[in-house]
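Presented below are the structures under discussion, each in the form of structure tokens.
There are two complexes below, and they share subunit A, which is joined by subunit B in the first and by subunit C in the second.
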Partner chain A sequence: MRRSPDTDALVRGATFAAALGLFFLLILLPLVSLNQYAVREGIGVFWDRLKNPDAVAALRLTALVALAATAVNAVIGTTMAFLLTRYRFPGRKVINALVDIPLAIPTVVTGFALLLMYGPLGPVGRFLGERNIQVMFSFPGLLLGHVFVTFPFMVRAVGAVLESVPRSGEDAARTLGAKEWQVFAFVTIPAVKEGIIAGAFLTFSRSLGEFGASIMVSGNLVGRTQTGPLYIFSRFNTGDVEGAAAIAILLALASFLILLLLQFVQSPAGRSAA
Partner chain B sequence: MTLPGLSIENLRKAFGEKEVLAGISLSVETGELLAILGPSGCGKSTLLRVVAGLLRADRGTVKIAGRDMEGVPPRDRGIGFVFQDYALLPKTTVRDNVGFGLRVRGVPSVDRDRKTSEMIELVGLAEEADRSVETLSGGQRQRVALARALAVSPSLLLLDEPLSALDIKVRERLRREIAAVQKKVGITTLIVTHDQEEAMELGDRIAVMNEGRFEQVASPRDVYQDPATEFVAKFIGEVNILPGQLYRGSAYAGNLAIRMGGNGIPSHGGTVKVLLRPEDVTLLPPGIVEAGQTHANVKSVSWLGAYLRAEMTTEEGYPLTALLQRSHPMADRVSAGDTVRVTALRGTVLPDPLGAGAPEYFL
Partner chain C sequence: MKRLLALIVVALFAVQPAYADAIKINLHSCCVTEDATTKEILPAFKKYYKEKFGKDVDVSASFAGSGTLKNQILGGAPVQVAVLSSELYLDQLKEKGLISSDWRKNLNKGAVIKSVIVFVTRKGNPKGLATFEDLARPGTKVLHASPDTSGGAQWAIFAIYGAGANFRNLSFGPEDGGVKLLSAVEKNVIAQPESARQTFVQFDAGFGDAIVTYENEALLEKAKGRDYAISVPKKTIETEWKVARVDRNIRPEQEHAVSELIKFLYTAEAQRSYAKFGFRPVDKKVEKEFHAKYAQVADPFTVDDLGGWKSARKNVIENTWKKTQVR
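Up next is the complex of A and B:
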């Protein structure tokens, strides 16, 4: 039995409508309502809410932590990806599995674990505290949490590119006289540049929205360790829905722009291999 | 006596349970081009990578220009390596690639530029020197790789299937260019290939490799005419292998006979395998067979351009293939179903103590 072209078109249309409908209902509408809350007292008021010194401090800190976490993971994530794809060593599979742990465990648990380790009561925290170094409830603690939570993004983005790059380029450099650091700097890094860029966008965007680990390790100190998402949460809890929405819409917009940019960076034209 | 350009002794390498190099030895003269020929998985690329220091052997020694390479990293071995996939630096120019080795070695830019230009000239890419390697054809890219390998003035050049990724026309032209450059520079060279024609044309000698061992290391002529093993005979060119028997200085496969050369096998008594190249089998019109000839029935005939290929069965029941030149008197006269006389112009034998030999009635 053959289905008529009409039935085919109907099925296709229905599928399309269902997907689009769900997309609107689950993703777009909440964002629209966010927008409405943010600007319902006029654009001037919206602007004032953004200019609130606490909000500005929170946004600045968010950007700063995201940048720092991206930079740290660009270095250790790329190195980890290089080790995992280019070398065979005992325990490689276990480490490979552990890399994804931050994706699997709740971020609050991550923050809790860091707090127990590096906090005033933890072994490392106490050791550092005696030397007047405070990790928790300050920028380093926040950075530590963000680096942990975003760790897999860079490793996976770079690793995927590295898998597709033949080793002969690196071997050729070795036979030509390059030392290992020169091989890494002149051959490996340029070859995985796109992976690093993609990983950086993902890391940055994930860090902008980080909440669970941040609330545990930061202490949520207004104007000092309060990031954007924590500011939103605090404002909402104190009944300032419009103030929360103003910052929320800004963060959502920033994430969207970063991911949109990523689409262009990853265009097929930019992926041609030599 | 001068030292060999490369000598390896008792080299062994295993990947897990699989022995890839089975304790092999080889000596290559300075300036010689040796082709390592074998099927994929025979260990030839592994051998090249061990010589380059990109892989560690389990046992054995590698000496380049007399110097023991134990513990010497690839960058200090004085080698140039050309890969099948060119392995050029992406998004860089021809000049950047060719100068790379000199740059990482800290050669001053004046010397570097001079040497780079010289090498680009050598491989005929002067016009393309400032173009990005991405805009070049496969053949041009491989010439960049060759110039890059030679720019660091190595004493040993290693080529790993350098032409396999190219289409046939480019491959043939570049093959000749590589040979010309190698002779001009006079560098000791190992080329790994699975292409017999490439090995025959390029190699001063050919090392035929199979399952981690050398089956034969000899000149292209000897490898073809006097294969040391059945594997060599079958891998290089086409061959008829017939069971035979030695009798008074000749080898007989049924009534078909060849005169024995002095290849160390006693020329009387014992069973052998008779190896006949199809072009050494020739056809005569039907008639009375003379000594050493036999009758054969033609099964099929096909034209291959310059040659005619005849598949036959001898009266003793052995399958036999002949290649006749187009100008051969029988070429236009033979067709399937004919009975013809066949004779072997030349051939060689391999000992086969347990072989079937000639039918009893003949001796």
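Up next is the complex of A and C:
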């Protein structure tokens, strides 16, 4: 059956309106309400809450952890994506499925698992403890939590680009006598630059908002190991909703700018590949 | 595959208990009361209500840190009864118009259960921690929840401060014994999770030498078979949980069940259930039955000795504790 062009336009218009409307209702409106709360007492109060030393410390820690987690996953995630797309080995499908596990399990569980592993009861924790290395309730513990939670983003972003990059370039390099690591470093990496950038932005944004694992492994010490989202949670609980909303707005805005930037840095080729 | 999915969806709906014509009420109760409430008190109340009034009542309960629960209620959670660990939370609900009745007029000024703040140590108390001063010893690792989210943590901080303070002269200045003790203990605090429950999760994973927490939590962990030791300091604070009706959320048809539920929490039956799970009952007779279960505190004090909740919250937590966190 052929539909008339008029019906097509109508359907297209309706779909367009419905999608945008739903997006506005489900995603944008809650953010707008947050904004309303943040400035309810005036922009002076908003600014005052942002200047609070505990808030500044929390935001600084959040940014540091997010940067560190992005750097770590850029290396591990890219290597992992390379292995999964370029090699065929037994158990590849299982590992491929396991990569997304951090998205599926509750982040609090992630936190608890890390506590068990790096705590005095776990073999790793005992080994480190004997050497007086305290991983949990400090920056390294927080970093481990964030690396775990954000792990899939880099692997998937780079993997998607790798799938679309033909192997011919790598094969050519091998024919010309390049070693395997040289192929990886000088041929593969430049080819998947777009994927690495996309993965980095996603990892960073996700890390900014991480809560569940952080509250278990960070120690939640005000001004020291409390990240932005934990700070928001505690302000909210003490009834300082303006304080909570002020920081929340800042984090949401930061994420938005990062993701917006991502839209512009990706070249058309990279975008179509991803 | 499609059929399997359909089956799962049908199953998910089918497992919902069908209380079609039951009166439904919601209870928000501080996280530490979860076991006593879900395992004994609510089933007993359901039975009691059916027998006495011939109607089904369905109470759904939700448990979290008292601060979290208070915020959920402020945010519009349709809750009719709240059992919270801090009077201040009830006051906040009152200020926002959710509570219009005077919960202080309930039995015991609204206090429905009590406990004391103790600390839990590793098996056999290897570091010999007996007083709050011991927790200040260098190298001791201490856990308590965050006072921003947990009522229990606020009590714990009151307990530490009070153990060092002279109640006739609460100056909150640097020479105040309570301030000195609290600052010294806080130096040893390695983590402050969201709720009293979470501190045990971290302790179970091997972190810390001592948790400052409610006695009932400590007894509950022992009952679960953990081999931790409990230290009851000579001087510590008596804590209490208060119940209130959230008037604005009560529809006429719920009125009766709500007031019966609150009354029921004070009955010997409910008090016995609370006691079984380690709380100190407010009912004198039940308290006698369970007397042997609780350590006698030589020198107990209450939040009133610290000037009442409002003043204690401001002076001990917002001013003193907050300062100990900045390093």
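Some notes on this structure:
Throughout what follows, the second predicted complex is superposed on the first by the 243 of 274 C-alpha atoms of A that agree within 3 Å, B and C clash if a C-alpha of one lies under 4 Å from a C-alpha of the other, contacts with A are read in each partner's own complex, and residues count from 1 in each chain.
Going forward, a residue touches a chain if its C-beta (ideal position, glycine included) is under 8 Å from a C-beta of that chain, and two chains touch if they have at least 3 such contacts.
In this text, all values refer to a predicted model and were calculated from it rather than measured experimentally.
Once the two complexes are overlaid through subunit A, subunit B and subunit C fit side by side, free of any clash as defined at the top of the document. When both complexes are overlaid on chain A, the residue A:V99 reaches neither subunit B nor subunit C.
Once the two complexes are laid on top of each other via chain A, the angle at subunit A between subunit B and subunit C, using C-alpha centres, comes to 150°, given in steps of 10.
Shared-chain residue A:L61: touches no atom of subunit B or subunit C.
Once the two structures are overlaid, the count of subunit A residues touched is higher for C than for its counterpart among subunit B and subunit C. By the document's definition of touching, of the two partners only subunit B reaches A:S168; subunit C does not.
Contact with neither subunit B nor subunit C is seen for A:L250 once the two complexes are overlaid on the shared chain. Contact with subunit C, but none with subunit B, is seen for A:F233 once the two complexes are overlaid on the shared chain.
Contacts of A:P190 after superposition: subunit B is touched, whereas subunit C is not reached. Using the contact criterion defined above for the overlaid structures, shared-chain residue A:A178 touches subunit B, although it does not reach subunit C.
Smallest inter-chain Cα distance, subunit B versus subunit C, after superposition on the shared chain: 32 Å.
In the superposition on chain A, the residues of subunit A contacted by subunit B and by subunit C do not overlap at all.
Of all the residues in subunit B, the ones that touch subunit A in their complex are 52, 54, 73-75, 77, 79-81, 83-85, 87-91, 100-101, 104-105, 133-134, 145, 148-149, 152, 158.
Those residues of subunit A that touch subunit C in the complex are listed here as 53, 112, 115-116, 119-122, 125, 136-137, 215-216, 218-224, 233-239.
The touching residues of subunit C, when paired with subunit A in their complex, are 65, 67-68, 71, 92, 146, 148-149, 189-194, 198, 201-202, 205-207, 322, 325-327. Across the interface of their complex, subunit B is touched by residues 166, 168-169, 171-179, 182, 186-187, 190-191, 272-274 of subunit A.
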